[in-house]
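Below, chain A partners chain B and then partners chain C, in two separate complexes.
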Partner chain A sequence: MIPGRGLALGITMMIVAIVVVVPLGALVLTLNGITPAGFLATAFSHSALAAYRLSFGAAILASLIDVVAGAAIAVVLVRYPSPGMRILDALVDVPFALPPAVTGITLATLYGPHGWIGAWLAQHGIAVAYTPAGIVLALAFVGMPFVVRTVQPVIAALPREYAQAAASLGATPFTILRRITLPLVAPAFLTGFALALARTLGEYGSVIFIAGNMPGKTEIVPLIIVTRLEQYDFSGAAAVALVSLVVSFLMLLTINALQRRMLAARTAA
Partner chain B sequence: MTAFELRGLDAAIARDAPQREGLRAVDRLAIGGVALLLGFFVLLPLVSIAYEALRAGWPAAAATFADPYARAAIALTGLTALVTVAVNGTFGVLAGWTLTKYRFPGKALLLAIIDLPLTVSPVVAGLALLLCFGTNAPLGAWFAAHGWKIAFAPPGIILATIFVTFPYVARETIALMSETGPELEEAALGLGATLWQTFALVTFPRARWAILNGLLLCNARALGEFGAVSVISGNIRGLTSTLPLHIDILYNEDNLVGAFTLAGALALLVIGLTLARSVIEARHQPNHIIETRR
Partner chain C sequence: MLRALRSLIAAAFVGAITLHCASAATLLNVSYDPTREFYAEYNLAFAAYWKKKTGEDVTIEQSHGSSGGQSRAVIEGLEADVVTLALAYDIDAIATKSKSIAPDWAKRLPDNSSPYTSSIVFLVRAGNPKHIHDWPDIAKPGVAIVTPNPKTSGAARWNVLAAYSYGLKRNNNDEAKARALVGAIYKNAVVLDSASRASTVTFTERGIGDVLVSWENEAILVVKQHPKDYQIVVPSVSILAEPPVAWVDANVTKHHTEALAKAYLEFLYTPQAQRLACKWGYRPRLTSVLGTCGTSFPRSDLTTIANFGGWNAAAQRFFADGGIFDQVYSAK
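Here is the complex of A and B:
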């Protein structure tokens, strides 16, 4: 037994309470000020509903894009180790490192009507900045490293014996992929998806510059919260914040449960 | 040596294949595709930051740093990062010790609460702090009555930054310290070491790279925090404007040279911190890539 448990635990819990529990508690307590009917009216107002749909939809779509792009990047990084590949490997970390506001103004300028990519797209009649596509683009940018870094070590450590054994028994490449390789990498993909989703669901700084922020069209959930705060509608802001918090948690819990089932099925088999 | 050739995607992820056969057209296509993707998606934005910052020449970019508001923002961001790293570093080491060296009920719950800030949107975090420490809130009113302004002032900015970067050091230390459990410490104590000696001579040396790693990430995130800070700060130029908030102001004023000069400087600093992290990770804890990336 190591002494000092009471003191260490006491101080740890005190800091956690001050930093995390008290502020989040204040958020929930603010809802005391409104009636259930009032809560429903403000949390599920027309503009709030449109924002949930946009924010959650864009985050899910961006994370799915990240899974596909991240898988390709991870496979290439693992398969062709070379000095030049280190540069690509380092580039993967850039979206993770860049501060949200830096990402935001950079993407908005680059894909804006006068930007290098935006101007070219505009000639072909495609608008990315200030449309939902711009929101998905910014979220995919921010979420990409999470998928690559989760999938990469798993692919690198993939046991080859099962696939070779299956091939020796006459399995076709497609069967091997479906029955052996995919089940082995699927949990990592799911983790990568969950990490990207967790990051993108509440993303603010990298999105608002490119989003356009048109009410009902390109207005994301965090922006609704900020707008209501600017109007001193504290309970309205708290209501939307609480709904988005609960939905985020439910999504991530579902993915967690799915992952546990996958791992359990694998150990059983 | 395999008697049976693997084809399709399975061949693509067997890493020993290309060295044996040299690069085929498919390999070149795959490498080219990913290089193109990362080039357009990641490298081009980086290049465009430098281009936008320097398009009016070096003197114009350098003049950004002479502006007193920019200097105030840099100073506030420096102060915020310093306090945040000190607080979260101390907490991270303490939490690592507490959660891995003792048994107590509710450990999983405590872990989940420590991780909570990672899933909370920065804007929601800022809102929660505002509802807690704003002048209308009981706690904020109490502090105001004692002469402490928290919301719309530097203390609020620092609190928001501490909230957002709260788990980073703790996650690193918990992951590392849980590898061994309390056995080493128990042995040291059994041999007559004091609790402090046990920590300083047994626990800390083993965990120092994990702690440094967590501090670097915490620092990088603290320097760039935007959403939570923008809600709680009120964004008063020269007073409560951090570097990211000042970049926002300059960008909205169409001062692109100023905005991208500061953005480039901040990006260089933060990318440097991230590279340092990767080097440490590669040298000192190769098994921690997944856990530490968040």
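Here is the complex of A and C:
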């Protein structure tokens, strides 16, 4: 046995317990007093179902946008280093640091019907603020740095030799991208996607200002939870939170499994 | 859950501070959003009064947020000495859930423990281009309304009840017609912000909507700041919003601040405090200060929450899941 294993394991378990398990346990305890029928009625009410669809759909879509846009940013940052690029590099982290409320208010102002961008879009009959599109926009903003920061080091460390060897064997650039580059960076993309997804699934602060909060149309899951709390229905709030948590956990678990298979396949090859 | 956790942490934090300062005379006033400016000035006035009366220095800490959120924080242990919230429902919740306030709290101070009142009015753009004069005008197709979501903003519940009251009074108490009116109004809503201050920002800063259905005090503040851009329209029927105050029995006993907390709330009824409330857009209970406070309040026919059987009954009937609001909003 490695020396110190017991102590390290003990400390780790304690931290995990305090930070993750105890609050989750408290959430389950809050369910206290709700009947199974009541749980189902609350957690799968018409408005809750609409909110799950919206929240999960918008989070997935926003994370996909982040993967595409984040990859482009990462490639540019890695491949074209220059002093100016360092500023861009720092700017990528801004969504990490910005308070969510600031993000939401800024986006709502910019994309509102009288905002700089929103006014122009409105002339073309496109509404972003106070529609599901606005929700996706806010989520894509907060999720973006997770993808860039995960993908960037992997792209920087990409071995050139494989691509050169493939080229010398007559592979077209597209084949190289498909057969060499993408398999090498795919696990990082998946991690970036998972992180962005995890971040955006529970996002409240930034979304709430741009969502419009129209019942059945632009109400996100956290808003449904707040609605429950506003009625002092603590167990109802916990029921909706629990469903949201279980679905999120299953999604992240699936991504993890997918990633492990990908890495295993690569090692085997 | 994150929010609950955050409020828990905040509660623990403020609790620690309060304990720490228990030796000096400190009072924590947990209030809701639009009272921020009023209490900032009121606290100075009260501290001066208290110093003169007892020779004691007193520090008053303020906490503001959504009325319901503040109420939940107190239930979960935020050590408020006094609560000054938007509706009695939120103080009732503290009394029933954590039992830290006596159930008869509303009778301990004059006027249902509401030292100042307000009402629900319309804020429209200068010149009133959409000719909005009363509730049916904002139910017409093509009028864009901004108002908070009554499911998330306790204060916004007054708005629904005000519209409903108009519907009843003008239609010989025909409930179906009152519901249809509320439904038509809320279908005109273009943004339902989560709190009343957020709605004000959407209407004023972002220029969205033709009318903001708002607290009168909030509308008064907006017009004072931008007299050229907005005007207030007072509907013929509205509701008397009575934001209540109470001391938190369990906490004042623990902090030995009982006398101070009571004096703090009783001082709200003095002419000096009533004038301040009026200055910040609240209707004073003492009508004698009306001429001297710089704000005038147009008359309208005001109903009260008592006509709805109190907040508990109204909350159940109108705002619970599947209640009247859900029914009229989802009806096509």
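Convention: the second predicted complex is superposed on the first by the 246 of 269 C-alpha atoms of A that agree within 3 Å, B and C clash if a C-alpha of one lies under 4 Å from a C-alpha of the other, contacts with A are read in each partner's own complex, and residues count from 1 in each chain.
Throughout what follows, a contact is a pair of C-beta atoms (placed from the backbone, for glycine too) under 8 Å apart; a residue touches a chain by one contact, two chains touch by 3 or more.
The shown structure was predicted, so the numbers you read here are calculated from the model rather than taken from an experiment.
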| item | value |
| --- | --- |
| Clash or fit, chain B versus chain C on superposed chain A | clash |
| Touched partner set for A:Ala265, first chain B, second chain C, both or neither | neither |
| First (chain B), second (chain C), both or neither touched by A:Ile225 | both |
| First (chain B), second (chain C), both or neither touched by A:Leu40 | neither |
| Winner by number of chain A residues touched, once chain B and chain C are compared | B |
| Which superposed partner A:Val94 touches (first chain B, second chain C, both, neither) | first |
| Partner chain(s) touched by A:Gly115 [first = chain B, second = chain C, both, neither] | both |
| Touching partner for A:Asn213 - first (chain B), second (chain C), both, neither | second |
| Contacts of A:Leu253 with chain B and chain C, given as first, second, both or neither | neither |
| Which of chain B and chain C A:Ala157 touches, first, second, both or neither | neither |
| Chain B versus chain C as contact partner of A:Ala167, first or second or both or neither | first |
| Interface residues of chain A shared between complexes with chain B and chain C | 23, 27, 105, 109, 115, 202, 204, 209, 222, 225-226, 229, 237-238, 241, 245 |
| List of chain C residues in touch with chain A within their complex | 1-5, 68-69, 72, 93, 97, 149, 151-154, 189-194, 198, 201-202, 205-208, 315, 319-321, 326, 329-330 |
| Touching residues on chain B, where the partner in the complex is chain A | 2-15, 17-18, 23, 27, 30-31, 33-35, 37-38, 40-46, 48-49, 52, 91, 94-95, 97-99, 101-102, 104, 110, 113-114, 116-125, 127-133, 136-137, 139, 159, 162-163, 166, 182, 185-186, 189, 195, 198, 220, 223-227, 230-231, 244-245, 247-248, 251, 256, 259-260, 263, 266-267, 270-271, 273-275, 278, 289-290, 293-294 |
| Touch list for chain A against partner chain B, complex | 1-5, 8-9, 11-13, 15-16, 19-27, 29-30, 69, 72-73, 75-81, 88, 90-107, 109-110, 115-117, 141, 144-146, 149-150, 152-153, 155-156, 158, 160, 163-164, 167-168, 173-174, 176-177, 181, 191, 195, 198, 201-205, 209, 221-222, 225-226, 229, 234, 237-238, 241, 244-245, 248-249, 252 |
| Of all residues in chain A, those that touch chain C in their complex | 23, 27, 42, 45-47, 105, 108-109, 112-115, 130, 202, 204, 208-209, 212-216, 222-223, 225-227, 229-232, 237-238, 241, 245 |
